[in-house]
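A, B, C and D label the chains in the order they appear, each numbered from 1.
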Amino acid sequence: MTASPDLQTVVAEIADEMARRPDRGEVATYIPELARVDPARFGIAVVAADGTVAMGGDADVAFSIQSVSKVFTLTLALGKIGDRLWRRVGREPSGSPFNSIVQLEREQGVPRNPFINAGAIAVTDAILSGHQPREALGEILRFMRYLADDEQIVIDEAVAASEKGAGFRNVALANYMKSFGVIENPVDYVLGVYFHHCAIAMSCRQLAMAGRFLTHAGRNPSTGHLVVTAERARRINAVMLTCGHYDGSGEFAYRVGLPGKSGVGGGILAVAPGRASIAVWSPGLDASGNSHLGRIALETLAKRMGWSIFGA
Amino acid sequence: MTASPDLQTVVAEIADEMARRPDRGEVATYIPELARVDPARFGIAVVAADGTVAMGGDADVAFSIQSVSKVFTLTLALGKIGDRLWRRVGREPSGSPFNSIVQLEREQGVPRNPFINAGAIAVTDAILSGHQPREALGEILRFMRYLADDEQIVIDEAVAASEKGAGFRNVALANYMKSFGVIENPVDYVLGVYFHHCAIAMSCRQLAMAGRFLTHAGRNPSTGHLVVTAERARRINAVMLTCGHYDGSGEFAYRVGLPGKSGVGGGILAVAPGRASIAVWSPGLDASGNSHLGRIALETLAKRMGWSIFGA
Amino acid sequence: MTASPDLQTVVAEIADEMARRPDRGEVATYIPELARVDPARFGIAVVAADGTVAMGGDADVAFSIQSVSKVFTLTLALGKIGDRLWRRVGREPSGSPFNSIVQLEREQGVPRNPFINAGAIAVTDAILSGHQPREALGEILRFMRYLADDEQIVIDEAVAASEKGAGFRNVALANYMKSFGVIENPVDYVLGVYFHHCAIAMSCRQLAMAGRFLTHAGRNPSTGHLVVTAERARRINAVMLTCGHYDGSGEFAYRVGLPGKSGVGGGILAVAPGRASIAVWSPGLDASGNSHLGRIALETLAKRMGWSIFGA
Amino acid sequence: MTASPDLQTVVAEIADEMARRPDRGEVATYIPELARVDPARFGIAVVAADGTVAMGGDADVAFSIQSVSKVFTLTLALGKIGDRLWRRVGREPSGSPFNSIVQLEREQGVPRNPFINAGAIAVTDAILSGHQPREALGEILRFMRYLADDEQIVIDEAVAASEKGAGFRNVALANYMKSFGVIENPVDYVLGVYFHHCAIAMSCRQLAMAGRFLTHAGRNPSTGHLVVTAERARRINAVMLTCGHYDGSGEFAYRVGLPGKSGVGGGILAVAPGRASIAVWSPGLDASGNSHLGRIALETLAKRMGWSIFGA
C-alpha cells in the first residue's frame, strides 16, 4: 500500500474486483420485489471530505434502501424529541437477529437499539408524534432529499405494498411493544410509515451524498447548515458501529473498522469520519442478513485507503 | 474548548473533578479483597503518542486489573494460535451480562467474544495449549512486564486465592464449555491460570504503558518491535469497542467514543488510536459492572481532547 | 375424613369456608369489564357421575369463562381435523407465562400447547378452516349449549369488544405465528373468533354441566351420544393436567390432583374422571394467573372426597 | 379388549410384541458403559396391588437406573427435611431439555423440579445435609433395598466412575447453583453422591417392587409400614406425571396416562395408583431422552388394562 493511494483508482479497482467474484451471497426473498433483483449488481460511491465523488459499477442504479433508512429516521427522531428518545429505545447491541422478539419480552417491550426492526418501529412512532402518516412520511422524504441534495428520491410504492403484505413479524413486534405502552400512535399508522420509509429507493451516489453530515461533524456541506450537532453526529456513528449490522456488527467492526448501516436490499452506508461518506450495494446477503460483497468492498476500501477508525 | 487543549491541564482538571464527585457507584463485593478497596480512590494516566505521560490522582496505586487482563490474554493467544482462536470464541457483542451462561447453551458452548468471562476462559485455554499452569502464567506475566516496560508488576496471590474460592460461576462456565469440547485442557488448569491473570495488580501508569502498542499500530515504543501487526492491533481495538464493557458496550461507545476494556476492580484501559493509551481507576461500579467514574473521566477526556474515533 | 363423605355437605362447607377467607388474590385488571367484578364472589358446582348436582355460593352467577373456553375449542378442533391439529400446536407444558412469545421464536412459531394463548389462537384458526368468523363462533356457541344442555349461554359482547381493544399482545402472538405460516386464516378473523369465545359468560353450574363428557369417557349424559371417543377424553384430560394452569400447572397437579383449566375471569373447570365434573369461580388470581380461592376450593374438595387421580 | 383382561397374558403379549419391533430408538452414548448395552433388550415387570407379579422379557436383567433414582432421592429428601425442600427446588415442568442451564439463570439458581438434573442435584444436596458422601450413599442404597425388599441391589462402580469422567455439564449445573447458594455442601461431595445413585443397577422386577409404596398410598406392602403419608405419595405421583419425562412429559401423560419417571439407561418406573407398580426397560431412547419401546409398552399396557388415571 502506498502512502497516498488515489481514491478514484481504488474505487475503480474494487468495482472491478467485485464484478468478477463468484461468491455473491443470497438475495433476500421475503418479498417478490427484492427477490427479483439481479444478484450480479454491484455499485459503490464515495464522497470524500473535499466533495470529490468517486464511483464504480452500478453507482447510479436505484435500489431499495430498506434498513439503511433507520440511520435517517434516528437522526430525525432525535431532532424532534431529543434524548427523550432513549427512554423508548436502548443503544446496546442486541446479540440476536434483526427481527427477534425474545429480547422485547425480557426488557418490557423496550427494543435494544434503533437499528433492529423493533427499535426502528419505536423510532418511527416518535417521528409520528400524533401526526398523520402522510405528513410523517413527507417529512422523512424531504429530509432525505435535503441531505442528498436531490429531489428525485422517491418511495417505491410496489415495495411498500409488498412489505405490508409480508410484514407479519413486524406487525407482531409493533403490537408487542404497544402492549407495553412503548408505541404511542396507532400500530397501523406506525407500520404504514415504517414500511414506506424502508421502501425508499436510492442509488449509491444519492445514499453517499445523504450520509455526508455524519462525516462532517453534523454539517450538510451543500448548505453549510448543521443537521445535528457534532456530538450527536459522533454518537449516531457510535450506534452504527456497535449496532448497524444486526448480529454481524462485531464482525463488521472487526473487518471493516467503520461505522455502517446495512439493509436487506443489499445496501450499506458507511462513514469514515472526517474523510468520506460511502455507499455500496450488492443484493446478495450473508448469514447475518448483510450485503456479502458490500462488506468485502468496504473492507478492501478501508484497508487500501487506511480509513479504519481503529488505527493506522 | 480551545483548538489545542493541554493534556496535562485536562488530566489534572479531570482528577480534580472526579475527586469531588459524590456519585461513585458500588464497589464489587463478590470477593473480600475487592470489597475492602476505598471507593474514594481515583487515578488516571495518559501516555500520549509522543511518549509524554500525564497523570492525576492515584495514578501510581496498584489495583486489581481483573478483566482488563483479557485484552492482553487475547493478544497473547492470537500470537500463539492466530485466527484459529476464532473457532473457539466469537467476536460479537453478547447482549447479556458478563457471566451469563444462557448464550453458551444456545451456541453450543462457543462464547460470543473474548471479553465476557466464558470467552476469556476459552482464550486462557488456548494460551495453556498443553503446558503447565505455572508456565502459562509466567508467560502472561512476562508479557505484561514487557509491554509496560516494568518488572515490578506482580500477581496479588490473596486476590487469586479469593477468586478461586468464590468462583463457582466461572467453574460452571468452564465445565459447561468443556462439555461441548470447547475447552481442551483440564478445567482446573485453565481456571487456575484465569483466576491468577485476573489478579494481576497494576497502577494506572503501568496499565497505560502496557496499552501503548494498541495506539501505535501494534508496536511497542520502548523497543520499537512489533507486538502484533497493525491490522491485528486495529482488530483488537474493534473488539474492545464492540465488546469491552459487557452489556454497557454500546453506552461506552456512545458516550466515550474510544475502544476500552473494563474490569470489576474499577480499572478501564482505553485506546485513542494514534494519540494515546489511557488508564483510569475508580472502584465504584455502575449497573453494568463498569467503573462509574472511570467512564465519566474518559468521556470528559475524549470530549476535551477531541479524541473520539467517531468524528471531530 | 369418613369413608363416604356426603358431597352436598362437603360442597356447602367449602362455600362457607371460602366466603370467610380474607386472602382472595388479585382481580385481573387488563380490561375494565373484568376489573369491575366483585372479589368477594365465590361459586362452586359439582355434577356427580350419577347426575346429582351440588352447588354452593354464587354457583348460578354468570362470569367470563375466558381461557376455560380453550378446553372446548380444543375438543371442537380435534373433532374437525383430528390429530392433524398436533402439527400446528404441541402438547408439552411451556415452562413460561400464558402470554410468552419467547417459546414461539425458539420453536418456529408452533405453540407448545393448546392452553396457552398462542396455542388457543392456533386452535381457533383450525376451527375457522376457511369459514366466516360468524359461522365459527356460532358453531362454538352451539357446542357449549349442547354440552351444558342450556340454550341460555351467551357471549358478553362488552367483554369481547374490550378484549379486542386491549389485546395487543394476542395480536402480536397471532401475527408472529402467521409469519411462520402456522396461522392459515386472516389474523383478524382468527382473533375475532378468539376474543369472542373467551368472552362467553357462564355460571359454575353451566360450566360443570358442559364438562361432563370429560368424566364420562367422552359421552354427553344428557343425550347419551359420544362427544369424543373415550381415548380422546382421556387425552384432553391429560393435556389439562400438564398444561391447564400455565406456569402453575405443576402446582395444581401437586395440590389438587385433578385435570383442570383456569381462566383469568377466575373460573376453573376440573375433572374427576368417572366421578364428577366440577366448576369453581372466584375472581381473585394468584401470581400465575389462576383463581386463588378456586384452587384452594378444589384442593379441599379433592382431599375430602378422596378424588385425586394420583391415589387414595 | 375384554372387560377384565388377564394381566399375565397382557404382559406376555407386550413382551412378545416389543421383541419383534424394529424401531428401537438410540442407545445413549455419553458414557461407554451405557453405549455398550444391547439395544435388543426389553424387560417388563408389573407388581399388582394384590402382590401378583407379572413379568416378561429381560425382567430379571439388571440395568443402570440412572434418573429413575430421582424418584427415590426425592422421597428420601422429603423424609429428611420435609416441605422445606421446596425452597430449593420447584415443582413445575421445565419446558426444556434435561440438562438445560438456561432456566437456572432466569430463576436465580433454583431448579424447576426435582426430576431434571439440576433439581436432582439439589435434592442430593439436601440428603447430604452435612454428612459424608459415603454415609449419604449408604442411606440411599439401604432405602432402595428396603423398598424393593431385596438386599442384592448394588451400585455399578464402573458406571459411577464413567459418569464422573463425562459429567462436565453436571459439574457446571452444580457449580452454577452453588454460585446462587442453592447448594450447601461441597460440590464434589454432592456430585459424588449424585453420580453414584444414578449408577444403581436394578432389574425391572426390583424396580417395580421398589415403586410399590407409590401405588399403596405410601405404604410398603412387605412390612406394612408407611414410607410416606398417603398425601405425599399422591404428590410424588403428581410430580412424576408433570415432570417425569423431561420435555416429553406432556407426551407421556397424553399417550400413557400414568405417572412415570424415565432414565437414560432405558428404564421407566410407572405407577397406576391403587392398581400396580410397573417397570419397563429398553435401552433405545427417543428424541426427548426417554425409552422408546418402554413408553410404547406402557401405553399398550395402560390401554389394555384400562389403567389410565385420566378416565376409563
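We adopt the following convention: a contact is a pair of C-beta atoms (placed from the backbone, for glycine too) under 8 Å apart; a residue touches a chain by one contact, two chains touch by 3 or more.
All of these numbers come straight from a predicted model, not from anything done at the bench.
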item	value
Where subunit A and subunit B are represented by their mean Cα positions, the distance between them in whole Å	32
Between subunit B and subunit D, centroid-to-centroid distance (C-alpha), Å	48
Multi-partner residues of subunit B (each touching 2 or more other chains)	none
Chain-level touch network, classified as line, ring, star, complete or other	ring
Complete list of chain pairs which touch one another	A-B, A-C, B-D, C-D
Residues of subunit A touching subunit B in the complex	90-96, 103, 112-113, 214-215, 217, 230-231, 233-235, 237-239, 241-243, 247-251, 253-254, 257, 259, 273-274, 303, 308-312
Complex interface listing, subunit C residues touching subunit A	100-102, 104-106, 168-169, 171-176, 178-179, 187
